[in-house]
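Chains: A, B, C and D, in written order; residue numbering restarts at 1 for each.
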Amino acid sequence: MRPSVMTAEEIGKLLHEEFPQAFYPGCGLTLEDIHYGDVRVRRDFHEDHIRPGGTISGPTMMELADFAMYVAVFSAIGPQPLAVTTNLNINFLRKPTQADLIAHARLMKVGKRLAVGEVTLYSDGSDEPVAHVTSTYSIPASR
Amino acid sequence: MRPSVMTAEEIGKLLHEEFPQAFYPGCGLTLEDIHYGDVRVRRDFHEDHIRPGGTISGPTMMELADFAMYVAVFSAIGPQPLAVTTNLNINFLRKPTQADLIAHARLMKVGKRLAVGEVTLYSDGSDEPVAHVTSTYSIPASR
Amino acid sequence: MRPSVMTAEEIGKLLHEEFPQAFYPGCGLTLEDIHYGDVRVRRDFHEDHIRPGGTISGPTMMELADFAMYVAVFSAIGPQPLAVTTNLNINFLRKPTQADLIAHARLMKVGKRLAVGEVTLYSDGSDEPVAHVTSTYSIPASR
Amino acid sequence: MRPSVMTAEEIGKLLHEEFPQAFYPGCGLTLEDIHYGDVRVRRDFHEDHIRPGGTISGPTMMELADFAMYVAVFSAIGPQPLAVTTNLNINFLRKPTQADLIAHARLMKVGKRLAVGEVTLYSDGSDEPVAHVTSTYSIPASR
(Lines give C-alpha, C1' and ligand atoms only; values in the text may rest on other atoms or scores of the structure.)
Protein backbone atom coordinates (compact mmCIF):
# COMPACT_ATOMS: atom_id res chain seq x y z
CA MET A 1 0.00 0.00 0.00
CA ARG A 2 1.06 3.58 -0.65
CA PRO A 3 2.48 5.24 2.48
CA SER A 4 0.53 7.91 4.34
CA VAL A 5 1.45 11.54 3.71
CA MET A 6 1.75 11.92 7.51
CA THR A 7 2.95 9.28 9.98
CA ALA A 8 0.66 8.04 12.75
CA GLU A 9 2.81 10.03 15.19
CA GLU A 10 2.43 13.24 13.17
CA ILE A 11 -1.32 12.77 12.90
CA GLY A 12 -1.58 12.06 16.64
CA LYS A 13 0.41 15.18 17.44
CA LEU A 14 -1.80 17.31 15.16
CA LEU A 15 -5.00 15.88 16.69
CA HIS A 16 -3.75 16.55 20.19
CA GLU A 17 -2.85 20.16 19.32
CA GLU A 18 -6.15 20.83 17.59
CA PHE A 19 -8.54 18.84 19.82
CA PRO A 20 -6.86 18.66 23.23
CA GLN A 21 -10.21 17.88 24.88
CA ALA A 22 -10.88 14.88 22.58
CA PHE A 23 -7.51 13.37 21.71
CA TYR A 24 -5.00 13.01 24.55
CA PRO A 25 -3.03 10.21 26.21
CA GLY A 26 -5.58 7.87 27.76
CA CYS A 27 -8.54 9.08 25.65
CA GLY A 28 -9.12 5.54 24.41
CA LEU A 29 -8.46 6.19 20.70
CA THR A 30 -5.48 4.52 18.97
CA LEU A 31 -4.23 5.07 15.41
CA GLU A 32 -3.28 1.50 14.59
CA ASP A 33 -2.48 1.23 10.92
CA ILE A 34 -2.04 4.30 8.76
CA HIS A 35 -1.57 4.17 4.97
CA TYR A 36 -2.46 6.62 2.23
CA GLY A 37 -6.27 6.83 2.27
CA ASP A 38 -6.54 3.62 4.28
CA VAL A 39 -6.45 3.73 8.08
CA ARG A 40 -7.46 1.62 11.04
CA VAL A 41 -8.44 3.23 14.34
CA ARG A 42 -9.39 1.53 17.63
CA ARG A 43 -11.65 2.80 20.39
CA ASP A 44 -11.25 1.09 23.74
CA PHE A 45 -14.43 -0.31 25.18
CA HIS A 46 -15.89 1.86 27.92
CA GLU A 47 -19.11 1.23 29.83
CA ASP A 48 -20.23 4.84 29.27
CA HIS A 49 -20.97 3.90 25.65
CA ILE A 50 -23.60 1.28 26.51
CA ARG A 51 -27.26 1.84 25.70
CA PRO A 52 -30.43 -0.21 26.55
CA GLY A 53 -30.05 -3.79 25.38
CA GLY A 54 -26.36 -3.84 26.36
CA THR A 55 -25.12 -2.51 23.01
CA ILE A 56 -22.66 0.31 22.27
CA SER A 57 -24.54 3.52 21.43
CA GLY A 58 -25.02 4.71 17.86
CA PRO A 59 -23.45 8.13 18.52
CA THR A 60 -20.31 6.39 19.82
CA MET A 61 -20.08 4.55 16.49
CA MET A 62 -20.81 7.68 14.44
CA GLU A 63 -18.17 9.63 16.34
CA LEU A 64 -15.55 6.93 15.78
CA ALA A 65 -16.38 6.68 12.07
CA ASP A 66 -16.14 10.43 11.64
CA PHE A 67 -12.83 10.44 13.50
CA ALA A 68 -11.45 7.62 11.32
CA MET A 69 -12.46 9.50 8.14
CA TYR A 70 -10.74 12.63 9.47
CA VAL A 71 -7.55 10.62 10.03
CA ALA A 72 -7.88 9.11 6.53
CA VAL A 73 -8.14 12.61 5.06
CA PHE A 74 -4.92 13.62 6.86
CA SER A 75 -3.24 10.45 5.54
CA ALA A 76 -3.93 11.58 1.97
CA ILE A 77 -3.78 15.39 1.95
CA GLY A 78 -1.63 16.18 4.98
CA PRO A 79 -2.37 18.55 7.84
CA GLN A 80 -5.72 20.17 7.04
CA PRO A 81 -7.48 20.47 10.40
CA LEU A 82 -10.14 22.74 8.88
CA ALA A 83 -11.39 19.99 6.58
CA VAL A 84 -15.03 19.49 7.57
CA THR A 85 -17.57 16.72 7.14
CA THR A 86 -20.33 17.75 4.72
CA ASN A 87 -22.23 14.43 4.64
CA LEU A 88 -22.23 11.25 6.66
CA ASN A 89 -24.49 8.26 6.10
CA ILE A 90 -24.46 5.30 8.49
CA ASN A 91 -26.17 1.92 8.35
CA PHE A 92 -26.24 0.02 11.63
CA LEU A 93 -25.88 -3.67 10.84
CA ARG A 94 -25.44 -5.71 14.02
CA LYS A 95 -25.34 -5.25 17.76
CA PRO A 96 -21.71 -4.70 18.73
CA THR A 97 -20.33 -6.89 21.47
CA GLN A 98 -18.94 -5.32 24.64
CA ALA A 99 -15.47 -5.08 23.14
CA ASP A 100 -13.22 -2.48 21.52
CA LEU A 101 -14.55 -0.95 18.31
CA ILE A 102 -12.32 -1.06 15.22
CA ALA A 103 -12.88 1.42 12.37
CA HIS A 104 -11.38 0.76 8.96
CA ALA A 105 -11.63 3.88 6.78
CA ARG A 106 -10.81 3.87 3.09
CA LEU A 107 -10.98 6.88 0.77
CA MET A 108 -12.70 6.28 -2.57
CA LYS A 109 -11.98 9.71 -3.99
CA VAL A 110 -9.48 12.43 -3.12
CA GLY A 111 -10.45 15.47 -5.18
CA LYS A 112 -9.45 19.10 -5.02
CA ARG A 113 -12.63 20.07 -3.16
CA LEU A 114 -14.03 16.84 -1.75
CA ALA A 115 -12.77 13.59 -0.28
CA VAL A 116 -15.22 10.67 -0.16
CA GLY A 117 -14.68 7.50 1.82
CA GLU A 118 -16.27 4.54 3.49
CA VAL A 119 -15.72 3.29 7.02
CA THR A 120 -16.51 -0.22 8.22
CA LEU A 121 -16.85 -0.73 11.97
CA TYR A 122 -16.17 -4.04 13.73
CA SER A 123 -16.22 -5.36 17.25
CA ASP A 124 -12.68 -6.45 18.04
CA GLY A 125 -12.28 -10.16 17.29
CA SER A 126 -15.18 -10.38 14.82
CA ASP A 127 -15.23 -10.29 11.01
CA GLU A 128 -18.87 -9.23 10.73
CA PRO A 129 -19.27 -5.47 10.44
CA VAL A 130 -21.44 -3.75 13.06
CA ALA A 131 -21.92 -0.59 10.99
CA HIS A 132 -20.99 0.88 7.62
CA VAL A 133 -20.49 4.57 6.92
CA THR A 134 -19.93 6.68 3.84
CA SER A 135 -18.78 10.23 4.34
CA THR A 136 -17.69 13.32 2.44
CA TYR A 137 -15.19 15.88 3.67
CA SER A 138 -14.85 19.33 2.17
CA ILE A 139 -11.22 20.38 1.73
CA PRO A 140 -10.37 24.05 2.32
CA ALA A 141 -9.57 26.01 -0.85
CA SER A 142 -6.41 27.42 0.73
CA ARG A 143 -4.83 24.03 0.31
CA MET B 1 -51.18 19.24 16.26
CA ARG B 2 -52.04 15.76 17.48
CA PRO B 3 -50.89 15.18 21.08
CA SER B 4 -47.96 12.95 21.88
CA VAL B 5 -48.66 9.40 23.04
CA MET B 6 -46.38 10.14 26.03
CA THR B 7 -45.97 13.47 27.82
CA ALA B 8 -42.56 15.18 27.97
CA GLU B 9 -42.41 14.16 31.63
CA GLU B 10 -43.10 10.51 30.87
CA ILE B 11 -40.49 10.48 28.11
CA GLY B 12 -37.95 12.17 30.38
CA LYS B 13 -38.60 9.62 33.12
CA LEU B 14 -38.19 6.73 30.67
CA LEU B 15 -34.95 8.17 29.28
CA HIS B 16 -33.56 8.62 32.77
CA GLU B 17 -34.40 5.03 33.73
CA GLU B 18 -32.96 3.56 30.54
CA PHE B 19 -29.93 5.83 30.02
CA PRO B 20 -29.02 7.12 33.48
CA GLN B 21 -25.49 7.95 32.26
CA ALA B 22 -26.78 10.11 29.37
CA PHE B 23 -30.04 11.68 30.51
CA TYR B 24 -30.13 13.06 34.04
CA PRO B 25 -30.84 16.39 35.74
CA GLY B 26 -28.14 18.78 34.55
CA CYS B 27 -27.16 16.74 31.46
CA GLY B 28 -27.91 19.73 29.22
CA LEU B 29 -30.74 18.16 27.19
CA THR B 30 -34.28 19.58 27.44
CA LEU B 31 -37.47 18.20 25.87
CA GLU B 32 -39.09 21.50 24.90
CA ASP B 33 -42.10 20.83 22.75
CA ILE B 34 -43.51 17.34 22.34
CA HIS B 35 -46.33 16.48 19.93
CA TYR B 36 -47.18 13.29 18.09
CA GLY B 37 -44.25 12.68 15.72
CA ASP B 38 -43.08 16.29 16.07
CA VAL B 39 -40.69 17.23 18.85
CA ARG B 40 -38.21 19.95 19.73
CA VAL B 41 -35.18 19.25 21.88
CA ARG B 42 -32.50 21.65 23.13
CA ARG B 43 -28.89 20.96 23.97
CA ASP B 44 -27.20 23.58 26.13
CA PHE B 45 -24.01 24.99 24.70
CA HIS B 46 -20.91 23.51 26.30
CA GLU B 47 -17.32 24.31 25.38
CA ASP B 48 -16.44 20.59 25.26
CA HIS B 49 -18.32 20.42 21.98
CA ILE B 50 -16.08 22.89 20.16
CA ARG B 51 -13.76 21.75 17.37
CA PRO B 52 -11.04 23.61 15.37
CA GLY B 53 -12.46 26.73 13.78
CA GLY B 54 -14.63 27.42 16.84
CA THR B 55 -17.57 25.37 15.63
CA ILE B 56 -19.61 22.73 17.47
CA SER B 57 -18.41 19.23 16.56
CA GLY B 58 -20.22 17.07 14.04
CA PRO B 59 -20.63 14.15 16.48
CA THR B 60 -22.34 16.49 18.94
CA MET B 61 -24.87 17.36 16.22
CA MET B 62 -25.32 13.72 15.16
CA GLU B 63 -25.87 12.65 18.76
CA LEU B 64 -28.48 15.36 19.32
CA ALA B 65 -30.29 14.49 16.07
CA ASP B 66 -30.36 10.80 16.97
CA PHE B 67 -31.65 11.66 20.43
CA ALA B 68 -34.40 13.89 19.00
CA MET B 69 -35.51 11.12 16.62
CA TYR B 70 -35.61 8.69 19.54
CA VAL B 71 -37.87 11.09 21.44
CA ALA B 72 -40.05 11.52 18.32
CA VAL B 73 -40.43 7.75 18.07
CA PHE B 74 -41.60 7.62 21.71
CA SER B 75 -44.06 10.45 20.99
CA ALA B 76 -45.72 8.31 18.32
CA ILE B 77 -45.46 4.70 19.46
CA GLY B 78 -45.03 4.99 23.21
CA PRO B 79 -42.37 3.46 25.45
CA GLN B 80 -40.19 1.32 23.16
CA PRO B 81 -36.67 1.78 24.49
CA LEU B 82 -35.39 -1.08 22.32
CA ALA B 83 -36.23 0.77 19.10
CA VAL B 84 -32.89 1.14 17.31
CA THR B 85 -31.55 3.39 14.59
CA THR B 86 -30.92 1.47 11.36
CA ASN B 87 -29.88 4.41 9.16
CA LEU B 88 -28.90 8.02 9.72
CA ASN B 89 -27.89 10.48 7.02
CA ILE B 90 -26.66 13.96 7.92
CA ASN B 91 -25.82 16.98 5.78
CA PHE B 92 -23.83 19.69 7.53
CA LEU B 93 -25.01 23.02 6.16
CA ARG B 94 -23.49 25.89 8.13
CA LYS B 95 -21.09 26.51 10.98
CA PRO B 96 -23.15 26.64 14.20
CA THR B 97 -22.64 29.63 16.43
CA GLN B 98 -21.47 29.16 20.00
CA ALA B 99 -25.05 28.88 21.27
CA ASP B 100 -27.52 26.18 22.29
CA LEU B 101 -28.44 23.70 19.58
CA ILE B 102 -32.13 23.17 18.81
CA ALA B 103 -33.30 19.96 17.10
CA HIS B 104 -36.71 19.81 15.46
CA ALA B 105 -37.61 16.20 14.62
CA ARG B 106 -40.62 15.27 12.55
CA LEU B 107 -41.68 11.73 11.61
CA MET B 108 -42.61 11.22 7.96
CA LYS B 109 -43.71 7.62 8.38
CA VAL B 110 -44.75 5.52 11.36
CA GLY B 111 -45.05 1.96 10.11
CA LYS B 112 -45.30 -1.37 11.90
CA ARG B 113 -41.61 -2.12 11.41
CA LEU B 114 -39.96 1.22 10.59
CA ALA B 115 -40.30 4.86 11.57
CA VAL B 116 -38.68 7.42 9.26
CA GLY B 117 -38.13 11.04 10.13
CA GLU B 118 -36.17 14.17 9.47
CA VAL B 119 -34.42 16.40 11.99
CA THR B 120 -33.42 20.00 11.36
CA LEU B 121 -30.79 21.48 13.66
CA TYR B 122 -30.50 25.20 14.41
CA SER B 123 -28.31 27.42 16.53
CA ASP B 124 -30.59 29.06 19.07
CA GLY B 125 -31.74 32.43 17.77
CA SER B 126 -31.20 31.66 14.07
CA ASP B 127 -33.63 30.53 11.37
CA GLU B 128 -30.96 29.06 9.11
CA PRO B 129 -30.45 25.33 9.68
CA VAL B 130 -26.93 24.19 10.62
CA ALA B 131 -27.58 20.56 9.70
CA HIS B 132 -30.31 18.32 8.33
CA VAL B 133 -30.76 14.66 9.18
CA THR B 134 -32.95 11.84 7.93
CA SER B 135 -33.12 8.73 10.02
CA THR B 136 -34.85 5.35 10.24
CA TYR B 137 -35.68 3.50 13.44
CA SER B 138 -36.55 -0.19 13.54
CA ILE B 139 -39.46 -0.93 15.87
CA PRO B 140 -39.33 -4.19 17.85
CA ALA B 141 -41.79 -6.86 16.68
CA SER B 142 -42.97 -7.45 20.24
CA ARG B 143 -44.77 -4.15 20.10
CA MET C 1 -41.47 33.85 -1.71
CA ARG C 2 -38.40 35.24 -3.42
CA PRO C 3 -38.61 34.99 -7.21
CA SER C 4 -36.56 32.47 -9.15
CA VAL C 5 -33.39 33.71 -10.88
CA MET C 6 -34.74 32.10 -14.09
CA THR C 7 -38.38 31.81 -15.15
CA ALA C 8 -39.98 28.41 -15.70
CA GLU C 9 -39.84 29.14 -19.44
CA GLU C 10 -36.12 29.93 -19.36
CA ILE C 11 -35.38 26.79 -17.35
CA GLY C 12 -37.48 24.68 -19.73
CA LYS C 13 -35.65 26.12 -22.73
CA LEU C 14 -32.26 25.43 -21.14
CA LEU C 15 -33.26 21.84 -20.26
CA HIS C 16 -34.46 21.22 -23.78
CA GLU C 17 -31.22 22.54 -25.27
CA GLU C 18 -29.01 20.55 -22.93
CA PHE C 19 -31.00 17.31 -22.65
CA PRO C 20 -33.05 17.08 -25.85
CA GLN C 21 -33.48 13.32 -25.32
CA ALA C 22 -34.94 13.78 -21.80
CA PHE C 23 -36.82 17.07 -21.80
CA TYR C 24 -38.99 17.83 -24.81
CA PRO C 25 -42.63 18.61 -25.51
CA GLY C 26 -44.60 15.52 -24.49
CA CYS C 27 -41.86 14.06 -22.25
CA GLY C 28 -44.27 14.04 -19.32
CA LEU C 29 -42.36 16.49 -17.08
CA THR C 30 -43.90 19.85 -16.15
CA LEU C 31 -42.30 22.73 -14.24
CA GLU C 32 -45.32 23.82 -12.21
CA ASP C 33 -44.24 26.33 -9.63
CA ILE C 34 -40.80 27.91 -9.68
CA HIS C 35 -39.48 30.18 -6.92
CA TYR C 36 -35.97 30.86 -5.68
CA GLY C 37 -34.76 27.54 -4.25
CA ASP C 38 -38.30 26.19 -4.05
CA VAL C 39 -39.80 24.40 -7.05
CA ARG C 40 -42.59 21.96 -7.85
CA VAL C 41 -42.31 19.54 -10.76
CA ARG C 42 -44.86 17.03 -12.04
CA ARG C 43 -44.27 13.74 -13.81
CA ASP C 44 -47.26 12.36 -15.70
CA PHE C 45 -48.23 8.82 -14.78
CA HIS C 46 -47.09 6.28 -17.34
CA GLU C 47 -47.53 2.51 -17.12
CA ASP C 48 -43.85 1.95 -18.02
CA HIS C 49 -42.99 3.07 -14.50
CA ILE C 50 -44.90 0.27 -12.75
CA ARG C 51 -43.08 -2.50 -10.90
CA PRO C 52 -44.37 -5.73 -9.21
CA GLY C 53 -47.07 -4.94 -6.67
CA GLY C 54 -48.52 -2.22 -8.93
CA THR C 55 -46.30 0.54 -7.58
CA ILE C 56 -44.21 3.14 -9.44
CA SER C 57 -40.57 2.06 -9.63
CA GLY C 58 -37.94 3.44 -7.29
CA PRO C 59 -35.68 4.62 -10.15
CA THR C 60 -38.58 6.64 -11.58
CA MET C 61 -38.86 8.43 -8.22
CA MET C 62 -35.09 8.92 -7.91
CA GLU C 63 -34.91 10.33 -11.43
CA LEU C 64 -37.74 12.78 -10.74
CA ALA C 65 -36.19 13.88 -7.44
CA ASP C 66 -32.81 14.45 -9.08
CA PHE C 67 -34.48 16.40 -11.87
CA ALA C 68 -36.40 18.58 -9.39
CA MET C 69 -33.17 19.36 -7.49
CA TYR C 70 -31.50 20.31 -10.78
CA VAL C 71 -34.34 22.72 -11.51
CA ALA C 72 -34.11 24.11 -7.96
CA VAL C 73 -30.38 24.74 -8.46
CA PHE C 74 -31.16 26.68 -11.66
CA SER C 75 -33.81 28.69 -9.79
CA ALA C 76 -31.16 29.87 -7.34
CA ILE C 77 -27.89 30.17 -9.27
CA GLY C 78 -29.05 30.58 -12.85
CA PRO C 79 -27.98 28.61 -15.93
CA GLN C 80 -25.32 26.14 -14.73
CA PRO C 81 -25.98 22.98 -16.73
CA LEU C 82 -22.65 21.50 -15.60
CA ALA C 83 -23.74 21.46 -11.95
CA VAL C 84 -23.58 17.78 -10.94
CA THR C 85 -25.08 15.69 -8.17
CA THR C 86 -22.45 14.53 -5.70
CA ASN C 87 -24.75 12.80 -3.20
CA LEU C 88 -28.37 11.67 -3.17
CA ASN C 89 -30.11 9.89 -0.30
CA ILE C 90 -33.68 8.61 -0.68
CA ASN C 91 -36.08 7.09 1.82
CA PHE C 92 -39.07 5.33 0.28
CA LEU C 93 -42.03 5.89 2.60
CA ARG C 94 -45.24 4.62 1.00
CA LYS C 95 -46.42 2.87 -2.12
CA PRO C 96 -47.35 5.56 -4.66
CA THR C 97 -50.76 5.33 -6.23
CA GLN C 98 -51.11 5.00 -10.00
CA ALA C 99 -51.23 8.78 -10.43
CA ASP C 100 -48.91 11.61 -11.42
CA LEU C 101 -45.90 12.11 -9.17
CA ILE C 102 -45.32 15.57 -7.69
CA ALA C 103 -41.84 16.60 -6.52
CA HIS C 104 -41.40 19.56 -4.20
CA ALA C 105 -37.72 20.55 -4.00
CA ARG C 106 -36.41 23.08 -1.52
CA LEU C 107 -32.80 24.20 -1.18
CA MET C 108 -31.46 24.34 2.39
CA LYS C 109 -28.10 25.80 1.45
CA VAL C 110 -26.79 27.62 -1.59
CA GLY C 111 -23.04 27.95 -1.12
CA LYS C 112 -20.22 28.84 -3.48
CA ARG C 113 -19.29 25.20 -4.05
CA LEU C 114 -22.29 23.17 -2.92
CA ALA C 115 -26.06 23.41 -2.97
CA VAL C 116 -27.97 21.12 -0.59
CA GLY C 117 -31.68 20.49 -0.74
CA GLU C 118 -34.50 18.18 0.11
CA VAL C 119 -37.22 16.86 -2.18
CA THR C 120 -40.53 15.45 -1.02
CA LEU C 121 -42.43 13.27 -3.50
CA TYR C 122 -46.22 12.87 -3.47
CA SER C 123 -48.80 11.02 -5.48
CA ASP C 124 -51.06 13.66 -7.01
CA GLY C 125 -54.06 14.22 -4.76
CA SER C 126 -52.43 12.93 -1.56
CA ASP C 127 -50.75 14.79 1.31
CA GLU C 128 -48.74 11.83 2.51
CA PRO C 129 -45.23 11.75 1.04
CA VAL C 130 -44.25 8.64 -0.92
CA ALA C 131 -40.52 9.36 -0.72
CA HIS C 132 -38.09 11.89 0.74
CA VAL C 133 -34.75 12.82 -0.78
CA THR C 134 -31.78 14.90 0.29
CA SER C 135 -29.25 15.78 -2.33
CA THR C 136 -26.07 17.78 -2.86
CA TYR C 137 -25.04 19.44 -6.11
CA SER C 138 -21.51 20.61 -6.82
CA ILE C 139 -21.41 24.00 -8.51
CA PRO C 140 -18.71 24.59 -11.16
CA ALA C 141 -15.92 26.91 -10.04
CA SER C 142 -16.21 28.93 -13.26
CA ARG C 143 -19.45 30.38 -11.93
CA MET D 1 -17.46 -17.89 -2.43
CA ARG D 2 -20.75 -19.38 -1.27
CA PRO D 3 -23.06 -20.21 -4.20
CA SER D 4 -26.14 -18.12 -4.92
CA VAL D 5 -29.49 -19.45 -3.74
CA MET D 6 -30.76 -18.93 -7.33
CA THR D 7 -28.73 -19.36 -10.53
CA ALA D 8 -28.23 -16.42 -12.89
CA GLU D 9 -30.68 -18.14 -15.26
CA GLU D 10 -33.34 -18.47 -12.56
CA ILE D 11 -32.93 -14.84 -11.54
CA GLY D 12 -33.11 -13.71 -15.17
CA LYS D 13 -36.30 -15.71 -15.70
CA LEU D 14 -37.88 -14.25 -12.57
CA LEU D 15 -36.93 -10.69 -13.58
CA HIS D 16 -38.38 -11.21 -17.04
CA GLU D 17 -41.66 -12.55 -15.64
CA GLU D 18 -42.00 -9.78 -13.07
CA PHE D 19 -40.65 -6.81 -15.06
CA PRO D 20 -41.20 -7.69 -18.73
CA GLN D 21 -40.96 -4.01 -19.69
CA ALA D 22 -37.53 -3.60 -18.01
CA PHE D 23 -35.75 -6.93 -18.31
CA TYR D 24 -35.99 -8.72 -21.64
CA PRO D 25 -33.61 -10.05 -24.32
CA GLY D 26 -31.81 -7.01 -25.70
CA CYS D 27 -32.55 -4.72 -22.74
CA GLY D 28 -28.83 -4.14 -22.23
CA LEU D 29 -28.57 -5.65 -18.72
CA THR D 30 -26.46 -8.78 -18.14
CA LEU D 31 -26.13 -10.83 -14.93
CA GLU D 32 -22.43 -11.64 -15.16
CA ASP D 33 -21.28 -13.21 -11.94
CA ILE D 34 -23.75 -14.35 -9.31
CA HIS D 35 -22.72 -15.64 -5.86
CA TYR D 36 -24.49 -15.58 -2.51
CA GLY D 37 -24.82 -11.89 -1.63
CA ASP D 38 -22.17 -10.90 -4.16
CA VAL D 39 -23.18 -10.18 -7.76
CA ARG D 40 -21.84 -8.36 -10.81
CA VAL D 41 -24.20 -6.82 -13.36
CA ARG D 42 -23.36 -5.04 -16.61
CA ARG D 43 -25.31 -2.33 -18.42
CA ASP D 44 -24.41 -1.84 -22.08
CA PHE D 45 -23.47 1.68 -23.01
CA HIS D 46 -26.28 3.52 -24.78
CA GLU D 47 -26.18 7.12 -25.98
CA ASP D 48 -29.58 7.80 -24.39
CA HIS D 49 -27.85 7.80 -21.00
CA ILE D 50 -25.56 10.74 -21.78
CA ARG D 51 -26.02 14.09 -20.04
CA PRO D 52 -24.32 17.51 -20.58
CA GLY D 53 -20.55 17.19 -20.33
CA GLY D 54 -20.62 13.82 -22.10
CA THR D 55 -21.12 11.77 -18.94
CA ILE D 56 -23.62 9.00 -18.20
CA SER D 57 -26.61 10.37 -16.28
CA GLY D 58 -26.94 9.97 -12.52
CA PRO D 59 -30.36 8.30 -12.76
CA THR D 60 -28.88 5.67 -15.09
CA MET D 61 -26.32 4.87 -12.42
CA MET D 62 -28.90 4.87 -9.60
CA GLU D 63 -31.17 2.56 -11.58
CA LEU D 64 -28.33 0.12 -12.26
CA ALA D 65 -27.25 0.14 -8.60
CA ASP D 66 -30.80 -0.50 -7.43
CA PHE D 67 -31.15 -3.31 -9.95
CA ALA D 68 -27.86 -4.90 -8.83
CA MET D 69 -28.97 -4.78 -5.18
CA TYR D 70 -32.26 -6.42 -6.16
CA VAL D 71 -30.34 -9.24 -7.85
CA ALA D 72 -28.08 -9.55 -4.79
CA VAL D 73 -31.14 -9.90 -2.56
CA PHE D 74 -32.44 -12.73 -4.80
CA SER D 75 -29.02 -14.40 -4.63
CA ALA D 76 -29.30 -14.59 -0.84
CA ILE D 77 -32.98 -15.07 -0.01
CA GLY D 78 -34.39 -16.55 -3.20
CA PRO D 79 -37.39 -15.40 -5.24
CA GLN D 80 -38.89 -12.46 -3.34
CA PRO D 81 -40.02 -10.04 -6.07
CA LEU D 82 -41.94 -7.96 -3.51
CA ALA D 83 -38.77 -7.03 -1.63
CA VAL D 84 -38.61 -3.23 -1.82
CA THR D 85 -35.90 -0.62 -1.42
CA THR D 86 -36.40 1.44 1.72
CA ASN D 87 -33.22 3.53 1.51
CA LEU D 88 -30.59 4.25 -1.12
CA ASN D 89 -27.62 6.56 -0.70
CA ILE D 90 -25.31 7.31 -3.63
CA ASN D 91 -22.04 9.21 -3.85
CA PHE D 92 -20.96 10.17 -7.36
CA LEU D 93 -17.17 9.94 -7.48
CA ARG D 94 -15.92 10.38 -11.05
CA LYS D 95 -17.23 11.06 -14.50
CA PRO D 96 -17.90 7.70 -16.17
CA THR D 97 -16.37 7.13 -19.57
CA GLN D 98 -18.59 6.37 -22.55
CA ALA D 99 -18.38 2.63 -21.89
CA ASP D 100 -20.47 -0.12 -20.30
CA LEU D 101 -21.24 0.34 -16.62
CA ILE D 102 -20.35 -2.50 -14.23
CA ALA D 103 -22.12 -2.78 -10.86
CA HIS D 104 -20.62 -4.94 -8.11
CA ALA D 105 -23.16 -5.42 -5.31
CA ARG D 106 -22.28 -7.05 -2.01
CA LEU D 107 -24.67 -7.63 0.89
CA MET D 108 -23.35 -6.63 4.33
CA LYS D 109 -26.34 -7.93 6.26
CA VAL D 110 -29.11 -10.37 5.45
CA GLY D 111 -31.58 -10.16 8.31
CA LYS D 112 -35.14 -11.39 8.72
CA ARG D 113 -36.61 -7.97 7.90
CA LEU D 114 -33.84 -6.02 6.18
CA ALA D 115 -30.98 -6.67 3.77
CA VAL D 116 -28.26 -4.00 3.58
CA GLY D 117 -25.62 -3.84 0.89
CA GLU D 118 -23.18 -1.68 -0.98
CA VAL D 119 -22.76 -1.34 -4.72
CA THR D 120 -19.65 -0.03 -6.43
CA LEU D 121 -20.04 1.17 -10.03
CA TYR D 122 -17.21 1.17 -12.56
CA SER D 123 -16.76 2.10 -16.18
CA ASP D 124 -15.78 -1.08 -18.00
CA GLY D 125 -12.00 -1.31 -18.20
CA SER D 126 -11.28 0.97 -15.24
CA ASP D 127 -10.49 0.16 -11.60
CA GLU D 128 -11.55 3.54 -10.26
CA PRO D 129 -15.14 3.56 -9.05
CA VAL D 130 -17.50 6.11 -10.66
CA ALA D 131 -20.10 5.87 -7.89
CA HIS D 132 -20.71 4.10 -4.59
CA VAL D 133 -24.12 3.16 -3.23
CA THR D 134 -25.44 1.77 0.02
CA SER D 135 -28.98 0.48 0.05
CA THR D 136 -31.50 -1.26 2.28
CA TYR D 137 -34.21 -3.63 1.11
CA SER D 138 -37.21 -4.58 3.22
CA ILE D 139 -38.02 -8.29 3.02
CA PRO D 140 -41.70 -9.29 3.07
CA ALA D 141 -42.85 -10.92 6.31
CA SER D 142 -44.50 -13.76 4.37
CA ARG D 143 -41.05 -15.11 3.64
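The rule is short, and it goes like this: a residue touches a chain if its C-beta (ideal position, glycine included) is under 8 Å from a C-beta of that chain, and two chains touch if they have at least 3 such contacts.
In UniProt terms, the chains line up like this: A, B, C, D = PaaI family thioesterase.
The model shown is predicted, which means the values in this text are computed figures rather than measured ones.
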{"item": "Chain pair among B-C, A-D or A-C whose interface repeats that of B-D, sharing over half of the contact pairs by residue number", "value": "A-C"}
{"item": "Between the pairs A-C and A-B, the one where more C-beta pairs touch", "value": "A-B"}
{"item": "Chain centre separation (subunit B, subunit C; CA means) in Å", "value": "29"}
{"item": "Centre distance in Å when subunit A and subunit B are each reduced to the mean of their C-alpha atoms", "value": "23"}
{"item": "Centre-of-Cα separation between subunit C and subunit A, whole angstrom", "value": "34"}
{"item": "For subunit B, residues that touch 2 or more chains besides their own", "value": "86-87, 89, 91, 136"}
{"item": "Touching residues (chain side subunit A, partner subunit C) in the complex", "value": "86-87, 89, 113-114, 136, 138"}
{"item": "Residue ranges of subunit A touching subunit D (in the complex, touch as defined)", "value": "89, 91, 93-94, 108-109, 116, 118, 129, 132, 134, 136"}
{"item": "Residues of subunit C that touch subunit D when the two form their complex", "value": "18-19, 21-22, 48, 50-53, 55, 57-59, 62-63, 66, 81-82, 84-92"}
